[in-house]
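Shared between the two complexes below is subunit A, which pairs with subunit B and subunit C, respectively.
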Partner chain A sequence: MSRPGFRLQRRTTAARHQAAAVKVVGALAALLLAGIVLQLSGRPTLDLASAALDYNLGDWFGIEETLLLAAPIVLGALAVYLCFRIRLWNIGIDGQMSMGAVASAAVGLHVDGPEALMLAAMVVAGALGGALWALIPGVLRAYFQINEIITTLLLNLVALQIVVYLSVTAWADGGVSLRSTSPIPYEVPMLSAGLDVGVLVPLLVAGVLALVLGRSRWGYETTIIGANARAGEAAGMSVRRRIVLVMMASGAIAGLSGMLQVAGRLHVLSEDVAANTGLYGFIVAALAGASIVAIIVVGVLIAMLLHSGISLATDGVSTDVVVAVYGLILLLASLGEVAARYRLIPRRRSRPAE
Partner chain B sequence: MSDAALLAAEGISKSFDQTLALDGVDLKLDPGEVHALLGENGAGKTTLANVLAGIYRPDAGVIRTPGGVVSAQSPREAIAAGVGMVHQHFRLAEALTGAENLHLGWSDTPRFAGPRLLAERTDRICEEYGLKVDARLPVWQMSVGERQRLEILRVLVRGARVLMLDEPTAVLTPTEVDGLFDALRKLAAAGRSVLFVSHKLNEVLEISDRITVLRGGRVEATRSAASTTAAELARLMTGHETPPGAPRGARPGDAAVLEVEGVSVRGSHGRRALAGVSFAVQEGEILGIAGVSGNGQTELAEVVTGLRTPEEGSVSVDGEQLGGASPRRFAAAGVGYIPADRMATALAGSCSVLENAIVRDYDRPPLARYGMIDRGAARRFTAELVAEAGVRGADDIGAPVSILSGGNQQKLVAHREARMARRLLVACLPTRGLDVAAAHAIRNKLLERRGAGAGVLLISEDLDELLELSDRVLVLYEGAIAGEFSAGGADRDRIGIAMGGGLRPAGAPAAA
Partner chain C sequence: MSVFFSSLDIAVQAGVVIILAGMGELLLERTGVMNLGIEGMISIGAVAAVLMATVSSEPVVCLLVAVGAGMAVGAVFALFAVVLRVNQVLAGLAIFLLCIGLTNELGADYSNVPVKATFDDLALPGLSSIPEIGPALFDQPILVYVAYVVLPCVVWLVLFRSRHGLNVRAVGENPAAADAAGISVMRIRTAYCLVAGGLAAAAGAYLMLSLTPSFSLNPAGGRGWVALAAVIFAAWLPWRLVAAGLLFGGLTSLGLTAQAQGWNIPTVIFAVLPYVVTIALMFLIALRLRLQRLELREVAPAALATPYYREER
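Showing the complex of A and B:
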C-alpha cells in the first residue's frame, strides 16, 4: 500500500511571495488557455496579442485610454479592499458610484459658482452620495444581521434605475441626447490632451488607505474587528458602528469615483457611469490580496485587458472574450491559491513491508 | 498478558513542519487494562492518540492489532481494526437525538428506520453496555456526562476493542467522573482496553492499571499504578520537582471592588442563564465560582465585563453602577477579562502577536500618538509583554498569533489582561489545558493581582485549583448560587454535590 513518489502535505502558512507567484502562474495559464481557444476557433492568437499590446502601449493615446479605464477600476478595488479588511463584501460599488454621480451631477447642474469651488462641492457631494447609499446596507448588516452581499447587489439595480430616470426624464437634456443629462458645466482639469487629474485620485486614495489602515488606531481597530469581531468587542471596540463606518467610507470612495466620471470622462450623467466597474474592481481586489500596491498594478493590467477587448472588437473578436478571460484568470488564480497551501514532499516509508 | 496485546505501537514518529511531536514512541495496550497516557500540554499525548485513531498518519512506525499490522489511513480503518476514540471536544450533532447520533454513519443502521425503531435499538444498546443515554432527547439538551456516554457508545457499537478517551474528565462534575470511572472499569473487565489521556495525576492514579508518561514526544517511563506515586509522576512529566505555590498575602480588605445584585440575564439561546445572582468581590480577594460549564458561568463573566447586558439587577465596580455599560467602560474602570475560549473572544487569530498584544493599550500613550499608533512603542510594549509572560515561539512578533501553541496564547492573554486589571480580573478556566509550569505562572499572576489589592473573580471547573487559590468559593448551579464555602475548611464533597444540583437552597428557582 505504501506508494512511492510524492504526497501532499498541508502547510501551516503559505508564504506571501509563493501565493503571489501562484496567482501570476494562474493568470498566465488563463491567458494561454484563452489563446489556445482563439487559435482553435481560427483566429491568429499571436497576431491578436501583438495588436492588443499595440493598442495599449503602442502610442500615447493607447496609454491614456488604458489609464482612463484603470482609474475607476482601481478606485473600485480599493473600496472593495477596505470592506475586505472588516470581512464585508461590498458588491455595491456600481450603485454607490452611480449615487455619487447623481449627487455630484445635482450640484453641478443646479448650482452656479466659481469652477474650483463647484468642483470641490461636487467632490463632497459625490463622496457623500456614495457614503449614504452604502449606509443602507451597512446599517442593515450591523444592526439587523442582513447579509450585505444581497443588499449591496440589489441596491445596484435601484441606483441604476434612479440614474436612468434622472438622465432620461427629470434632468434630461433638451433633445441633444436621449440617454443623458445636458453636459455638466464644470470639468476636472486636464493633465494632458486625454487625461484629467482624476487618474491621480486612485494613487491619492491608495496612499491615504495605506496610512490609515497600516498606521492609525482606526485602521488597527478595523483590522482586529475584521479578524475577530468578538475579540474586538471584548477589548472595548464598537463593532456595529465600525461596520457602518467602513461601509460608508467604502461607498464614499466609490461615490468619488462616480463624481470623477461625470465631471471628467463622461461630462454628463448617464447610465454608463458605473459600467461594471464594481465587477472589475472586485476581480482586482480578489487577485491582489492584501496588498495595496498589488491593487494598483493588477488594476492597470485588468484595464489593459479590457482596453484590448474593446479595441479587438474591430478585429471581429467579441468583447465577451475579455469577460471570459477575466473569469478564467480568477478561477485559475483561486485554484492556485488553494494549491499554495500544500506542498509536495517525497513519500517516506510509513511502515515496513509486510 | 503481553502476547495478546490489543494494540501495539512501535517507533511512532510524527512531525508537523519543523516540530517533532512524537519521536519513536512505543505503546502496548493489553486486554483488560486501563492504561493512562500522562503528560504536560504539548508532550504529544493527543497527537499519539490521533495517530492510533487514524486521524494523523505517522511519519514512521508500525501499529499492530490482533488482526495483523495496520497503519490506519483513516478513522474508518482504525475503527475497523477495533480502535476508537472519544475526543475532548465532542463530535455530536446537537440538533439530533441520542438515537440519531448513535446511528449516524454506522453501517449497522437499518436502511429504513423510523425514530421509534432507532430509539428501541438505542435503549437495547445502552442496556447492553450499561451506559445510560436518553435515546429520544436532542443532544443539546443533554448534560455533558450524558453526551460523553453517547460518544463512548458510538465508538463501542462500531466494534472498538480499544477505547481511547482524550481528557475525558475535563468537563465533568466529581459525581459524573465517578460514573465514568465505573463504566471504564467495567469495559476493561469485559476484556477491552482503555487508553485514558490526561494530565491530572490524581485521576490517573485512581483509574489506571498502568501509566505511560510522555515528555517532549518521547516515552519517559511506563509504570504500574500500584508502584508509583503522584510525586514521581510529576517529576517524570515535568523533568523537575514542581515549584512551590506562591505565598498567600494578607487577608482580603473590606471595600467591595465588584458588587453584583439580583442579576438576571438570558443566554444566547434565549434561555434564562442567570436568575437573581448577588455577590460581592472584596479588594484583595479571590472569589472562586465553581460549577459545571453551562450553568451560567459564561454569562456571569460577560455581565461583569460589559459583554452582556443584564435584564434585571445591577453591577457596580468600585461603587460605580456599570450594568449594561460597554466593555470600554468596564476596561476604563480597570476590569480585565481572561475568557474561557481565548480564540473566540480574546485573540484575533489571523492578526499578529503584536496586534493581539496591544489590544488593551493601543488607545493611550505611549502607544497612541495623534490617532496613529507609534510602531516602535508598540514593538517595545509587545517584546516586554512576551518576555514577562514567558511566551515561547513568538520571536517574530509580526507572525500570526495562531501559530503559537494554545498554552502560549493563553499566557499572552492572561498577562495582557492581568496588566490592565487594576481593580478586577475576571478569569474563566485560566489554566485549562496548560502544562504545570504555565499554569503555575498564571496562578501566581492571579495571586499577584490579589496581593496588589485587586479583586479576582475566578471561574473554574477545577476544584483543586479553586480551593488552592480562592478565599471563598460560590457554586453556580442552573443560574443561581447554590452554596457558599470559605476555602479554608471547604468540604470538597459538599461542593461537588452543590455543583451537581444536590444542594439547591430554598427559594432558588427550579430548572427551566
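Showing the complex of A and C:
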C-alpha cells in the first residue's frame, strides 16, 4: 500500500471549524450551480445578482424590507435552535406561529382596552397559543415516542386550515378584503417609517436564549439531556418533562413571532401570517449550527435571498426559484457535519501492522 | 349510485396516492432510511406528468416519465443520505424544498389547465356489473387495482417471503450484522431510494392523470406528510398501509360529500380531519403498543434514520 497522496481518516470528535468551512463552501457551490442553471435557462445571472443586491441594499426601503422578512425567519431559527439543543426537530414553527397569530388576533379583535395593556395581552396570548400548539407534538414525542417531525409537519397543515377558515369565514372582514380579518386595532410602535419594534425582538430573544442556555442551571441541564439523555436521567433530571417544556418554549417563541406579524407588518390575520417563514428558519438553524450569532447573520442572508425572489418577479425569478435554491443550499451544506468527522492525512509509505 | 357508494368510489381513488407513495416509503424505511423528501417527490412526479402530457396523449408514457423523474430525485437523495451519509432529516427536507420549488416554477404556466392525457376507467368483467358496489370498486383506473392489490401483494411477498426481503429487513434492523453476512448495505439502501422516488412520483402522476387532472401549486398538498405518518400507524406492514390509504381516502371523500350534500358543518372541520385523524391514529397505535408493554421504537426498523459506518461497527 504505497500510493502517494492523502487519505481520509475518521475522527472521534467533530471539528466545528471544518464543518463551518464546508457549509460555507457548500452554500456558495449551491448558489453557483443555481446561477449556472438560471444562465442556461436564458436569465442573465450576473445582471440578476446585481439587481438583487440593489433591491436589498440599494436604498433604505430595500434594507427595511429585508429586515422585516429577516425578523420572523431569525425568530423561527432561534425556536428551532432551542429544540436542537435537546435533539428535537421542531419543523412546526409555521403552525405554532399561525396559532400564536390566531390567539393574539382573537384578543386584539374581540377585547377593548388601553393600547399598551392590549399589546401586552396579545404578546401573552401569542406566546401561549404557540406553546399550546407545540404541547401536542411535545407530549406525543416525550411520552409515546411519536416522531415529532411528522406530527409538527401535520399540525402545520391543520393550523394553516384554521387560519384560512378564521380569516376568510369566521372573522372575515366582509368588506375591504376577502382574504383577511379587519385590521387589528392595536399596533406595535414604529422605529422608523417602515420598521416596527418587532425587528428588535429577535435580538432580544437571542440574548435571552444565550443567557438561559449558557448561564442558567435549566440551560445546563437541557444541554446535558441533549448530549446524553440517560446521563441526565441518572442525575435525576426528568427527561420527558424537559422535552415537553423545551418544545413549549420553542412554540412560544414561534407564537410571539406570529403575534408580531398580526400586530405589526400585516396588521391583520391572513394566511400570509406564516408563509413558510418557519421552514426557512429551520434552514437557517441547520446552517448556523450551534452559534446564535451565526443564526442572526445567516437569517439575514436567507432573508435577502427571499427578498430578491420577491423583487425580481418581473425579471423571471420567483420565490419558487428561491425555495429550490434553499433546498440546494441545505443539501450541499448538510455535508458540513459529515466532513467535520473526517480529516485528510498523508498516506504513509508502508502501513504498520494493525 | 347512492351517496354512500359514490363516496366510496372517491375514497378508493383518493387513497391511491397514500398507498403508492407510502409503500415506497415503507420499503425504504424497512432498509433503515427515512425519506422526508416524499412530499417533494410526489410533486416532481405530478409536474413531470403534466409537462409530458403537453406532448403525449398517452397516460402510460406520462406515468413512466414521471416515475423516471422520481427515480432521478431518489438517486440524488441516495447520493447524499446513503452514500455520503449526511443527516437523513436534512437531506430529506432539502430534497423536499428543491423539488417543491422546481415543481411550482416548472408548473406555473400550466396552473389550472386541464391535463389532456388521462387514464380511462378499466371495468373488470363480471365484477363491475354488481349493482352499487361494482361501479364503486371494480370500474376504476388501472392504478387503483395496482395500488390496492398488485403492489401490496408484491411488497408483502418480497418483504416476508423472499431471501431478498430478509436481507432488506436485516439491513434496516442491524446493518452491521447484515454487512458481516455479506449483504451490501449501501447497495440495498440506494436501490430502495430509487424505488421510493419512483413510487412517490407515480402517486403524483396519478394525481394529475386521474384524480384531479389539472396542475395546481403544491400539487402534493400535504399527502406526502400523511403518507409518512401512515407508514407509522401501519406499523411498517403493507396491508395495514392499504387500510390507512383507504381511510385517508374516506376522510377526503367525506369533505366532498358534505359539500355536495350541503351538510351544515364548517368546511374547516373536513379540511383538517385527515391530518387530525392521522395524528390520532399514530397516538392510538402507540397507546395500544403501550398496553402490550411495547414502545413504538421497538416496532420501527431499529436502524431507522441512522447512517451506517462500517468502521464504527
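Criterion: the second predicted complex is superposed on the first by the 344 of 354 C-alpha atoms of A that agree within 3 Å, B and C clash if a C-alpha of one lies under 4 Å from a C-alpha of the other, contacts with A are read in each partner's own complex, and residues count from 1 in each chain.
Note that in this section a residue touches a chain if its C-beta (ideal position, glycine included) is under 8 Å from a C-beta of that chain, and two chains touch if they have at least 3 such contacts.
Just so it is clear, the structure is predicted and the values come from calculations on it, not from any experiment.
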Greater residue coverage of subunit A in the superposed arrangement, subunit B or subunit C: C
Touched partner set for A:140, first subunit B, second subunit C, both or neither: second
Partner chain(s) touched by A:112 [first = subunit B, second = subunit C, both, neither]: neither
Set intersection of subunit A contacts, subunit C complex versus subunit B complex: none
Touching residues on subunit B, where the partner in the complex is subunit A: 16-17, 57-62, 68-69, 71, 73, 305-307, 326-328, 330-331, 337, 339, 343-351, 355, 358-360, 362-363, 368, 371-373, 375, 400, 403
Residue ranges of subunit C touching subunit A (in the complex, touch as defined): 36, 40, 76, 80, 84-87, 89-91, 93-102, 104-105, 108, 222, 225-226, 228-229, 232, 266-268, 271-272, 275-276, 278-279, 282-283, 286-287, 290, 295-297, 309, 311-312
Residue ranges of subunit A in contact with subunit B within the complex: 1, 11-13, 215-218, 220-221, 223-224, 227-228, 230-238, 348-352, 354
In the complex, subunit A residues that touch subunit C: 10, 89, 91, 136, 140, 144-147, 149-151, 153-155, 157-158, 161-162, 164-165, 169-170, 279, 282-283, 286, 318, 320-331, 334-335, 337-338
